[in-house]
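Below you'll find a set of structures to go through.
You will see subunit A twice below: alongside subunit B first, and alongside subunit C after that.
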Partner chain A sequence: MTKEECKQIVLDIIAEIAPDEDLSDVKPDVRLRDQLELDSMDFLDIVMELRKQHGIEVPEDDYPQLATLDSCAEYLTPKFNAVNA
Partner chain B sequence: MSGLAAGIRLAQFGRNVLILERHNAPGGLNSFYALAGRKFDVGLHAVTNYVPQGVRTGPLVKICRQLRIGRDELDLCPQHGSRVAFPGEDLRFNNDFALLESEVARVFPRSIDAFRTLVSRIREYDDTHLDESRAPSARTILETALPDRRLREMLLCPLMYYGSARPGDMDFDQFVTLFKAVFLEGFARPFEGVRRIIRVLLQRYREAGGERRMKCGVRSLRVAGGRVSELELDDGRLITADHVISSIGRLETLRLCADRPSAAEDVEAGPLSFAESIAVLDVPPASLGCSETIVFFNDSPSFAYGSPEHDLIDTRSGVICVPNNYAYGDDQDLDEGFFRVTALASYAGWTGLPEERYQAEKRRCYARMQDSAVRFLPGVACEELQAHTRTTDMFTPRTIERFTGHISGAVYGAPDKVRDGRTHLDNLYLCGTDQGFLGIVGAMLSGISMANLHIIRKEG
Partner chain C sequence: MELSRIVITGVGLTASNGDSLPEFRRNLLDGVARIENMEIRYMGRIHAGVCHYDARRHQGRKEIRNGTRAGSIAIYCSREAVADAGVAWNGRETERVGVYLGITEHGNVETENEIYNISQYNYDTRFWTHHHNPRTVANNPAGEVTMNMGVRGPHYTIGAACAAGNAGLIQAVQMLRLGEVDLALAGGVSESIRSFGIFAGFRSQGALAHHEDPNRASRPFDKARNGIVVSEGGAVYTLERLEDARARGARIYGEIVGYHLNSDAADAVLPHAERQAQCMRRALASANLEPTDVDIVSSHATATPQGDIQECIALREVFENCPRTYINNTKSFIGHAMGAAGALELAGNLPAFEDRQAHPTINVDDLDESCAMPNLVLNRSVALDRAEVILNNSFGMLGINSCLVVKKFADD
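Moving on, here comes the complex of A and B:
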């Protein structure tokens, strides 16, 4: 999986849990919280959906790794590749 | 309703969830009943916390996201307009906060700056925290923040009526929650009332794989090693569960615990209950002059919020609700007119009556409540209301206790809330009115928060 594909997966999950957010122009290097109305409940759900849909575990200590789309891709792509291997 | 929301959260992340409900109708304190072919909502005057589509913050948005429910599924139609009515003074408000602000400026010109400062403080205040700490008294804080006593009373009246479990006062946390829910956000109602919301929740719960059993109460919680080991059902069957979330109230839950925790003796039962009179009309209420959605009234210099000591009801204050007066859209109108009046009522008084007197007092108090309310509706004549009344209903603290199981008919639960939902047992948590969030949206948020905090976040 490429980092771009990984970002799309994260965006798809956000679209599912926050259908009222406009995701057409999310900047990859800006904190998601600063450009979208996402709170800790939404981040919990991003983690839960990653697990439910893709079998990926994100321990609570690693939640800060999900701050931006870029950091998500950095952190999650190896996990996706490990799961798919 | 809080239990359904918790159930949806857990089921959608793959938990095996079973909801046990003693009653034959779902919804708990936010339920409905049928009488002679008519359906009545139990508690729903208004869904508070209403924000228009497109707003992306606030409790209503949070619960829709967390439960994966579309905003349009709830069919929330905004109110026409409401009012706080005191002798000689009115504060009108609707879902646009600017109206209340201009009303405060009109009626209390010298207090408008203090009011604006208080509002900024409320906007910044985090009222959905789950920390277990005793919140300060709203009255104490308001005494400093708003020097005009009359204004304080007029703000406290609607907010206490819509959720305070404490006589004469409320926790500041709850004041903030309700101020946001009622004034900064607003009122709405689905065309079908609370049934719509319950149906949406039940459908989500089913889709997520949750199970439920109706008319199946829990008789006791067996305890071993500081945990609930088994649940004994009303029919004698035993079931086991890793976690138990109880939405029946704190004291009610503790009394089910077989280890007889000492807290069951120490927790104060909720001292406040209500009576409600409902007139079903053969014309739209607006044609009789009732065009507002909710009117909170009080006829005395200060607002007394407590259980009536020498009477069955307290007619000095109350809440008038006209469910017809929401913008239902597409020219939809309710088939009949409804005129509902809520008043503080004495649990001890109502339950102490022998059956025959109980029925007679219900009729007498119905008339007193309607008469009392009409005083605050200029242009509305009691005789006209009566002439157009097809049928009536009335519920009392006794009715509430009987159908919801809440001790003393205390719809807002015990005065002291348990924000984190913990009990003396490791795997038993509370959600709903005694956890401390308020209203229909608050009930759902309570269930969601407790499922997240104790189960989903901890164990995934």
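Moving on, here comes the complex of A and C:
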């Protein structure tokens, strides 16, 4: 999986949990919370959907890694590749 | 002590046969029931009263997804009530607004859903949602209203089984009279049809209705009645002290002039005619009224074989010599909306102050002689000479009885 594919998966999850958000112009290097209306419960939803849909665990200490799309891709892509290996 | 007079100035509601008071009233006067067969988890297709209000009118999609059905119903009804009351909302100071909603139960729906959810993951509780606790706290439906509408005053729910709709209104009357709030959003809500447990429980109790035509399944007082049709719904009122309503030139639907709550202290599920009669008498006494002053009694009857008979014994005793008192029932149209029942049934009758009609109880093909009494409004609406006082009965499990007395507003 490429980092771009990983970003799309994260965006797809956000589209499910926050259906009213406009995701057409999400800046990959800006904190998601600064450009979208996402709160801590929404981030827990992202963690839950990664677990449910993709079998990926994000330990609580690593939650800051989900701050931007870029950091999500950096952190999650190896996990996706490990799960898919 | 001189008690403040409390008036109803706005109504918001959703029932299976109407999402506004005019639509609901029209269907009640025209005899239009709306009950569906709904797929219930583990049980198959069961009769249910399903609401079709437009949740997106007042909620975003994430809010609907994260919240509860009871919360959504409460938001819809509260927003509609405030709009109906003509209360200017934007920029309003909301610290002296209170939200008091009756519920029969809350949390069963969300807990059942989560147990089903983790069953798909071999009961691994890591898949249990973090939304569970905010969804299932008992104040949830009222709390969702405060978040949606920016209400900063007190909010809580009142658990009173199927007497809860009246209990929510009574709580609001008390808080307004104590001066705790200046505007109350009060009534009752229910999301019960989203829980299989309530259906399964009534079926195990032998109290779940069945009929080949769902619209004919809820039939209080009929000989062939065989139980309850479970429904969702809600009705929320804006209540104000009379002087405040007057000051802003509000339209007044009616005045809450009396109420009473008591307990059977007997059986968990069987009603108790003597305590019900006592509750009606004390509610009327609190309003300085006699049974002969009552024009419409909105009965609680749920169409269980025993429950209807008990209420009819109580009604016959209290209204023995009251030739101008008419008795009807709203559950025959919309089923039993549980925590919303009392509030919705009052709403269904409230327009009688203006149109002087008593809506009927429908589906009575063969009146059970144990339920026979004078002036039972059967199958067709009745035009009244006088429509000034409504007695709203609402009774619930564990022997909780509630009666509310509402009077046509007179500026005296």
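Please note the rule applied: the second predicted complex is superposed on the first by the 85 of 85 C-alpha atoms of A that agree within 3 Å, B and C clash if a C-alpha of one lies under 4 Å from a C-alpha of the other, contacts with A are read in each partner's own complex, and residues count from 1 in each chain.
The working rule: contacts are C-beta pairs under 8 Å (C-beta built on N, C-alpha and C of every residue); 3 or more make two chains touch, one makes a residue touch a chain.
It should be emphasised that the depicted structure is a prediction, and the values quoted were computed from it without experimental measurement.
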item: Subunit B versus subunit C, judged by how many residues of subunit A each one touches; value: B
item: Touching partner for A:Met41 - first (subunit B), second (subunit C), both, neither; value: both
item: First, second, both or neither for A:Arg51, with subunit B first and subunit C second; value: both
item: First, second, both or neither for A:Glu60, with subunit B first and subunit C second; value: first
item: Partner chain(s) touched by A:Ile17 [first = subunit B, second = subunit C, both, neither]; value: both
item: First, second, both or neither for A:Asp25, with subunit B first and subunit C second; value: neither
item: Set of subunit A residues, in rising order, touched by both subunit B and subunit C; value: 17-20, 37, 41-42, 44-45, 48, 51-52
item: Partner subunit A, residues of subunit C touching it in the complex; value: 60-62, 65-66, 121, 126-127, 129-131
item: In the complex, subunit A residues that touch subunit B; value: 16-21, 37, 39, 41-42, 44-45, 47-48, 51-52, 57, 60
item: Subunit A residues touching subunit C - in the complex, by the definition given at the top; value: 17-20, 37, 41-42, 44-45, 48, 51-52
item: Subunit A partner contacts - residues on subunit B that touch it in the complex; value: 13-14, 53-54, 56-57, 61-62, 65-66, 68, 70-71, 448, 452, 456-457, 460
